[in-house]
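Look for chain A in each of the two complexes below; its partner is chain B in the first and chain C in the second.
Now for the complex of A and B:
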């Protein structure tokens, strides 16, 4: 490989990127908007569930119970209704997620102190929210009971549950490190998958073939500017995560940048490989979406835990590089893991990067198609 | 070919992976007590089907290491004096460590644990009650005993088993339609510009509107084929209920495609290269998905963002497909979702056609 020719290709590709300023802006704006949305706008933590109440009892006790639910912060009362029909309408129109029915003898039962019963109807079409909401409601019932009733039995055991690594259970704390992997895939694989296909489609590949540049120089030369964009995105993401979103960072920054560099090389390798293989930008984009972005999103453990998947998917996740990278990122950010624990993952990512770049070099033929 | 493989693959992946019903939670138990009672408690965890006990560490240090390495998500520690303390009638603490990294899963898991312990306590106190009653009968005096009896009779409508898959898969249909048709539209038109063939098209007597229609009708057709494919797999393979009318589904898909293709067209007028149009579409699609209520409830978002989401076609279409699939909703219930969708569609189509004429014509 000739360094001068390599840099010449990099220079040409950088010029092309800089001239096409919109792509460059997008390459920074997409990560930025993803980070801000995940950091500020959305959360998997459920609060203020819209609740419809049908209070048949209408007593001091029943009102106290509803009040205690509202104070828990998990529920907000959307409406008080007078019959089942109205509850049905609210549920069907998705205006409430949970309907609470307090039976007529509620206060009498509470006073006698032996049984408290309520009825809830959940909107099962949103199963996640419904089951979590139902759990909160049961919890609220338990809390209400302990406040008003005097049971003479102490519980036999008590679970002292401690949550580690993310004590406040903030979804932002695990989504943002995971998001970095997704961003790297967008820049590495998606954006790069178009760069060689583009030369073929526009016909400029013929001009490149006529120059003395070697295929490896062409590939690496084209990779360098995109590698830089990816690393700048990473830096931006880490700065935002730390300063704006206060995501804890327990590990070593240098280690994280090294690991990310290795992963990014692999992602660029996939993008390059696809780009060489397809020769058409539209096809390249779809292939990149399927083989890199989608697995990084769904099969990496980013949001959905891997142990919960059926066996055949669990086997497939072993060849998804983002799986290892996300373990590394979450390990470094939240657990403070170092090379000792993550050595295996680093090794696998290095092998992967080496393999993809070699493959891309092997299949690239610098000659005109017959 | 890949146009049809891609949606199916997405459906299958999300169908299997995107579930919030958590099972096989990797768990380690550190049992210092090693008694029949402690084993009973452990088997309660094992038999629930939620927890897979795959490590039996010997020391606390080992337990912590397992947690650090991510090999387990839950660590349970039962103390030496477990039985002794319980016999004294005291409340015995059980140490439980949960890896909170994935806060969502951790929240669900701690809910499972609380339920298990709750039912364990209930059983123990009932046993006690029975013993007391038996003793009372023997000694001739029955003492009133109050026991904890709480009931939350929960019924879930539309999806009685609360399967998150039933909720997610109709939503996947909405995502696939948006990504496929928007990306195809924006990239295909820019492709003609990039290669230079658009100039050849301009010199033919074809009108701009005809050109646009001719270009996008195949993509709309692809969209409809995707609907048939995805719905078939969802219903036949994943056994998702389909309670509504196919006609209404197709009608609302038609309205939805106006918006996605219209926006795709708009992006094609903004870009000169396919790379630009891909990034632009991506720039729109990702936030649209995140802010649609597909995974993250809209009610939890900041007020400003909630207002913003009214301009998001995906938001309306999600309510429509979920309604048609799971609730069997009719036009009477869904018209106030279909109408805004139609309005957005007409507006973007007019805007983008006008811009297209100005730029190309």
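Now for the complex of A and C:
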């Protein structure tokens, strides 16, 4: 490889990027929008779930119980009703997600120390929210029960839950690191998938392959500016995560940038490989979408937990590089993991990057297509 | 002519695409320093040949040499020693004139001390000195072609391959372009150029006529005209051309008689004297104003060669 030619290719590519507003938008605006969107709007936590209460007991104890639910922050009381009919109407109009019926003997059971039972009716049309809400409600009931038991000085078994790593259980704290992986895939695979194909489509490749430029100089020369864009995006994401979204960062910044660099090289390798293979921008873009962006989004554990997937999908996730990168990022951000724990993942990503870049170099031929 | 002075040699070169033979067993040589033209209609195989010579396509069979390097096995070596300009404009339209030059001078590894000098040379040659900061996409086609030529010459290659360099360019720019080609040739650069313009072909030192993948004839423009037409063409100017035409058409000794403007062209077999016809016409009461031999044009030659071939 000759440095002069490598730099000539990089410089030319950078000028082209800077003059193409569509590339600039995809390189910088889209990652920024994704970060803001996921940081603010997309949250898997449930707060202020609208609750309808039919308190048949209407006692001090039942009021205390409802109050404790409101205090938790997960529920807000939409309405107190006097009969089942009204509850039904509220559920039908989707004004509440959960209907809570406190039975007549509630206070009596509390006083006697018996098992407390309440009736909950869930709106199953929003299954996700309903099941999370019902879980919170059972938790609230348990908490209320243990409080009463303590107050009565009755010895009771108490489970004290301590959460490690993401103490506030904020989904944002693991979504943002995952989103970084998705952004790196956009830069690496989607954006790069266009670079070789564009030269073929515009006819500039014909002139280029008639010169002594080497395949590796062309491929790496084109990769350098996109690698820099990826790193700038990473820096932007980390700054936003820390300053705006207050995502904790327990690990080592240098280690995170190194690990990200390795993943980015692999992603750039896929983009390059696809671009060389297809020679058409549209086809390359679709292929990159299908083989790298969507798996990084869906099969990486970014939003959808891998352990919930059917077996064949779980097997497929093992060949999705973003899966390992997300594990690395969440490990560095939330647990402060280093090379000792993440070494295996780093090794896999390195092998992947090496493989894709080698493949891209191998399949690029300085000949016209047949 | 000894072997040493051939800079390009091609032997039985064949290129097939999915059963279609684009280049069919051609053999020719190009001499060092000459302007060698490849003339033929669109689709004749000119571009395929030039792409094989430049290492952009591999030959199906046959051999070829450009400079000291084999076209099948040493194409990367060839690329260091040639300048190539493709049919379609293929520089970066979003870059400025200067940026395109800088890019190619980096790709050709032009030495740092020479870089500025070469750039100025290209700008001057292409008459782009006052347009150096302009986006290449904004230039007219004639300027673009000259810039492309300049970029292909940054590394001072001994051989220059130009694939239909002037198609779509206005006549004045075409003339300028050919002046540039001559100036390179004068300095010892060999120029291999394809064209389908007959008038341009006249500018070449030697020509190969290619038709349906086959090399039909090769030689200087003069030789080609001589070879193509067996016999001699005479132009007759007289006072009663229609009567003369009628009369001459009946004569079996004349191969072809045709009206050419207000004059008549006669094609006589070689060795046949023209004077007797002049006398015959006078006897018929037709006054011969002028009767002289004309040189067939390249167009005559080309058309007659292609007619023979097909």
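FYI, the second predicted complex is superposed on the first by the 273 of 370 C-alpha atoms of A that agree within 3 Å, B and C clash if a C-alpha of one lies under 4 Å from a C-alpha of the other, contacts with A are read in each partner's own complex, and residues count from 1 in each chain.
Please note the rule applied: a residue touches a chain if its C-beta (ideal position, glycine included) is under 8 Å from a C-beta of that chain, and two chains touch if they have at least 3 such contacts.
Not measured: the values here are computed from a predicted model.
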item: Which of chain B and chain C A:250 touches, first, second, both or neither; value: neither
item: Partner chain in contact with A:58 - chain B first, chain C second, else both or neither; value: neither
item: Chain B versus chain C as contact partner of A:120, first or second or both or neither; value: first
item: Touching partner for A:204 - first (chain B), second (chain C), both, neither; value: second
item: First (chain B), second (chain C), both or neither touched by A:304; value: first
item: Touching partner for A:20 - first (chain B), second (chain C), both, neither; value: both
item: Contacts of A:358 with chain B and chain C, given as first, second, both or neither; value: neither
item: Chain B versus chain C as contact partner of A:4, first or second or both or neither; value: second
item: Overlap of chain C and chain B interfaces on chain A (superposed complexes); value: 20, 202
item: Complex contacts: residues of chain C adjacent to chain A; value: 17, 51, 54-58, 75-76, 79-80, 82, 84-86, 88-95, 99, 102-109, 148, 151
item: Chain A to chain C touching residues, read off their complex; value: 2, 4-5, 7-9, 11-12, 15-16, 19-20, 202-213, 366-368, 370
item: Residue numbers on chain A that touch chain B, as the complex places them; value: 20, 22-23, 26-27, 29-30, 33-34, 37-38, 40-50, 91-94, 113-132, 134-135, 137-139, 141-142, 145, 149-171, 173-174, 186, 190-191, 194, 198, 201-202, 281-283, 285-287, 289-290, 294-295, 298-299, 301, 303-305, 307-310, 313, 327, 330-331, 334-335, 337, 341
item: Chain B residues touching chain A - in the complex, by the definition given at the top; value: 2-3, 5-6, 9-10, 13-14, 16-26, 41, 52, 67-70, 73, 86, 89-108, 110-111, 113-115, 117-118, 120-121, 124-125, 128, 145-164, 166-167, 183-184, 187-188, 191, 194-195, 271-276, 278-280, 282-283, 286-287, 290-291, 295-297, 299-302, 305, 319, 322-323, 326-327, 329, 333
